[in-house]
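You will see chain A twice below: alongside chain B first, and alongside chain C after that.
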Partner chain A sequence: MKPIPYPALVVALAVLLGILTFASMLIGPAAAGTFELLDMMRSGESDTAWMIMREVRLPRTLLAVTVGMSLGLSGATLQGFLRNPLVDPGVIGITSAASLGAVLALYTGISLLFPLALPLMGIVGAVACVLLLQGLAGRGSVLTLVLAGVAVSSLSAALMSLALNLSPNPYAAAEIMFWLLGSVTDRSMDHVALAVPLMALGWAMLAASARSLDALSLGEEAAASLGVDLKRTRALVVTGTAISVGAGTAVIGGIGFIGLVVPHLLRPLVGHTPSRLLLASALGGGILLVAADILIRLLSSGVELKLGVLTAIIGAPFFLWLILKARTEFES
Partner chain B sequence: MKLEAANISVTLGGKLIVDRASLSISAGEVVGLIGPNGAGKSTLLRAILGLVERTGGEVKLDEADFFARSGSERARAVAFLPQDRRVEWRLPAGDVVMLGRYPHQSGFGGPSPEDRAAVDRALAAVDAATLSDRPVAVLSGGERTRVLLARALAVEAPLLLVDEPIAALDPYHQLHVMEILRERASAGGGVLAVIHDLALASRFMDRLILMDDGRIVAEGSPSEVLTPGRLAQVYRIDAASGVQDSQQWLLPWSRRR
Partner chain C sequence: MKRPARHGMAALLALAFLAPATTAAADAQQRPQRIVSMNLCTDELLMRIVDPSRIASITYLSRQPLNAPLGLNDTIAKIKVNHGLAEEVLMSKPDLIVTGSFSTMAATSLLRGLGQNIVTFDPEADFDDMRANIRKMGEAVGEPERAEQVIAEFDARLAELQAQLPPGEKPVFADIGVNNFMSGRDTLFAHVVNAGGWRTLGETLGYTGYTNIPLEQLLRTKPDLVSTATPWANPPSMSTQNLRHPALRDLVADTPHIAIPERYTTCGAPSVLGAVELLVEARKAHAQRIAKQ
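Showing the complex of A and B:
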């Protein structure tokens, strides 16, 4: 694929994200579908229509967009930093560690103590994962890091199972289960107000690493000789990912594969430059997640499909395809 | 501009790799750092640049502590071409060379006209202007080395440190790279190159520094350093030599047993 001029690509992605965001405000389940909403506005029930949009659709849409952006951006940053197209926050264990933190908050009841507790525990989980990864694979190869991520993921999954196993009553277990599936349904503006500032902080850290990622395409030694501060870059990438993905995961649950798929699809379009991939992947992540959320509303009749389930069902085969493609490239 | 390293020691994994090595490079000269495999040449280069931790010694640029400067200031003074020739992603050669402008850019806005001019000069210097749009991943070994050398030249630092610039190149491109390094010196730059090819080292270098087992064992003009005695002692070889175009040449001939 030929690279598209970068400004044109960014504008196109931004417009698409805008259209989908608008659509997401209008499209909904049968009782309040697009036409019903428009009818309500015409027939003098516009207050109800506005309330549905403001209280139900707006937080849902904003979370889908911002969490999608966090996942796309951190995926692109991690791939650039580790110089490996097969990593994302999920593969190196950050998503499941953040989930574990949130599950522990739900399980122990810390989440009821104060409103910030759930996202904070998610971030604590993500940061703990990052520290563990640094300890296990800090100076090792990318392979070590990915293997350490797999280990952290498995451990988190085991501990989440333990929390389910030991949960005091079926309601607590059900709450954890539903939370784990990942969804933006029934989220309020409070959730948005909690998560978005933290995600924005993470984005700023990730964006600050952009130029260093380009220099890192030459390898760590050449990058350092060009004046890249490797320690600072590592800290920015790792903390930025932990904060943005941790906060997002803490509010809507674990959403897989966005961070893997989006940078991979957009890389040829930005001419393979790591720094240019960041903004494009952030927009692309927002597009993909909000589109998935719209799709869910269109598909669901009775029981609503969960967002995390849909992204995993689409994402996992894509990951498999990536591995197969990488394998044929290695063998040829 | 003069870079001086004094009494540099490096210990890696409990083993002393570089042992109190001192050297200097000045503007206008091409200096060869030679020695058998494992002598500590690359590690010494990295230690001078601060890429590995020194256990002792200091580096001075024009009499002032080199490491008191910021990373970008150091990068603008001394460019480095590491041995690792990998380039990740399918970056076009022009973009790779532009990375040499990293220490000159602030991060806001695209490359300045000055950056573009420096990239063009660097690509022209290595005869690679036509490769600009091609991904480095599909280039041949010779083309890739030239593009990466152009990346180091694009920094336009007064001093250039290169690690094995002619490894795995055919004779034509080896001579080409050596000429590029010489041109750099006649344009007023200083070059320090780790090099294994004694024949080319003896012809193209103003000065040679011979390392063995972490220590610098000899320094001087090629004919002073590459004596039969030293070749026997340090490299365990005998060499043939002669004169061509009124230049002394040297060819490693046989192993000593």
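Showing the complex of A and C:
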């Protein structure tokens, strides 16, 4: 594929994201009637209809868009920073650590204390992960960072299994399982108010690392000679990812593959400049996640599919296809 | 002087007759009329207490034959179903939402945040919990007398069944579930089993809660009655593979067998009487076998 002019690409992605966001507001879950709400608005019951629009569909849509953006953006940043196309935000352990926090909230019953207890515990998990990563790998090489991430990830997964294993109540265990699958269904504006400012802070930190990423594509030493402060860049990338993805995971659960696939999809279109990939991937991540959430509502007439399940089911084979298609490129 | 007095009497009489009627009408207005249940177990309690005309929807689960509560099929057919989505529930404009404390938590907290009237029910671990939840449901829907009636009917039927139990110590019942999960002390299932004149293998071995008992330990015991989880052929499940273990197959083949439909033991609700009835029958058969030997 030929790179298309960058501004044109960004505008096209933004327009597509806008259209899908609008569609997401109009389309209801099949179980409640896809376009029933629009009929309600016309038939004089507009109070209830508007309330549903504002308090149920809007938070759902906003979270799908912003979490998708966080995943796309942090995926692109991490792939640029680690110079490894196989990296996604999960690799530094943030997703698992945030999930662990949420699982512990469900396991201990803290989640029943007040409405936002669960996402707050998720954020606590993500913060703990960052502190641990900085402690373990703050001075070491990029490799140390990745290995520390893998360790945090495995430990969190093990502790989540332990919580499931020990859960005395089958209903709580089932609730943990379902939460881990990831979903934006029935999240409220409170969740939006909690997660979106944190995600925005993370985005700002990731964006601040953009210029260093371009220099880093020449190698660490070359970048250092160009005046890039590696320590500062690493702190920005790790903390930015942790805050944006951690806040997202805390609210909607783990969503796989968006962070991995989106940068791959868009890299040929932006012409292999890491900094340019960031904005494009953010928009692309938002597009994919909101599209997946619309698909869920159209597909399931009864119990809804979970968002994380759908992204993995569609994402993994697609990724395989991408790899096969690009095999010649990798091999040469 | 007589006239006004008589007039006064008439007015008093009229008041005496009218007063209950007007308060009843006011009551009916205050009682929730569009109730939504978002949990299988609250579905049953709700249907036993209020008239179907006051129920806006119950969960789709109650419609599934696998889950349908005991003797409520006609009622269920009259009521719409929901899938636990906030949007669906809001569209039916409920004036009361009842649900379990562990089901559809995201939807529950969203609906509560929107000012909906929500009452949550903890899972019942024994019959006292069940009676408490029935009373709580009665209060929530404004039918406390009806709730007491449901409890009284339950207790009467339970006593009737238990009167048929032969005397003697409770024999051991191995409820071999999926992945060898069995019920120990302080579980709803063990309470149901006790009420039916048996004790569970888990209780006998000193376990508390639902535990998976190692196959070896299971094989060393000689239960007087077994039940195995229905192999889930549709949808298939790995969890019932344990039942195909040759050693277990022999144990199951040599011991009297009972099949208790899961729908009788999922919820702490009057449906458990279905299970108690089956267990009492099995206990009577057990006593006859012993008498023959």
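Criterion: the second predicted complex is superposed on the first by the 267 of 332 C-alpha atoms of A that agree within 3 Å, B and C clash if a C-alpha of one lies under 4 Å from a C-alpha of the other, contacts with A are read in each partner's own complex, and residues count from 1 in each chain.
Here is the rule we go by: a residue touches a chain if its C-beta (ideal position, glycine included) is under 8 Å from a C-beta of that chain, and two chains touch if they have at least 3 such contacts.
Keep in mind the model is a prediction, meaning the values are calculated, not measured.
Of the two partner chains placed by the overlay, only chain B lies in contact with A:274; chain C stays clear of it. Look at A:83: by the touch rule set out above, it reaches chain B but stays clear of chain C.
Touched residues of chain A, counted separately for chain B and chain C, are more numerous for C.
In the superposed pair of complexes, A:227 makes contact with chain B only, with no contact to chain C. Common to the chain B and chain C interfaces on chain A is no residue.
Within the complex formed with chain C, the chain A residues making contact are 28-29, 31-33, 36-37, 40, 48, 51-52, 55-57, 111-112, 115, 118, 168-172, 174-175, 183, 185-188, 190, 302-304. Partner chain B is touched in their complex by these residues of chain A: 83, 210-211, 214-219, 221-222, 224-229, 267, 271-274.
Remark: chain B residues 46, 49-51, 70-76, 78-82, 84, 86-92, 95-96, 99-100, 102-103, 105, 107, 135, 148, 151, 155 touch chain A in the complex.
If you check the complex, the residues on chain C that touch chain A are 60, 82-88, 90-91, 93, 100-107, 109-110, 112-114, 123, 209-210.
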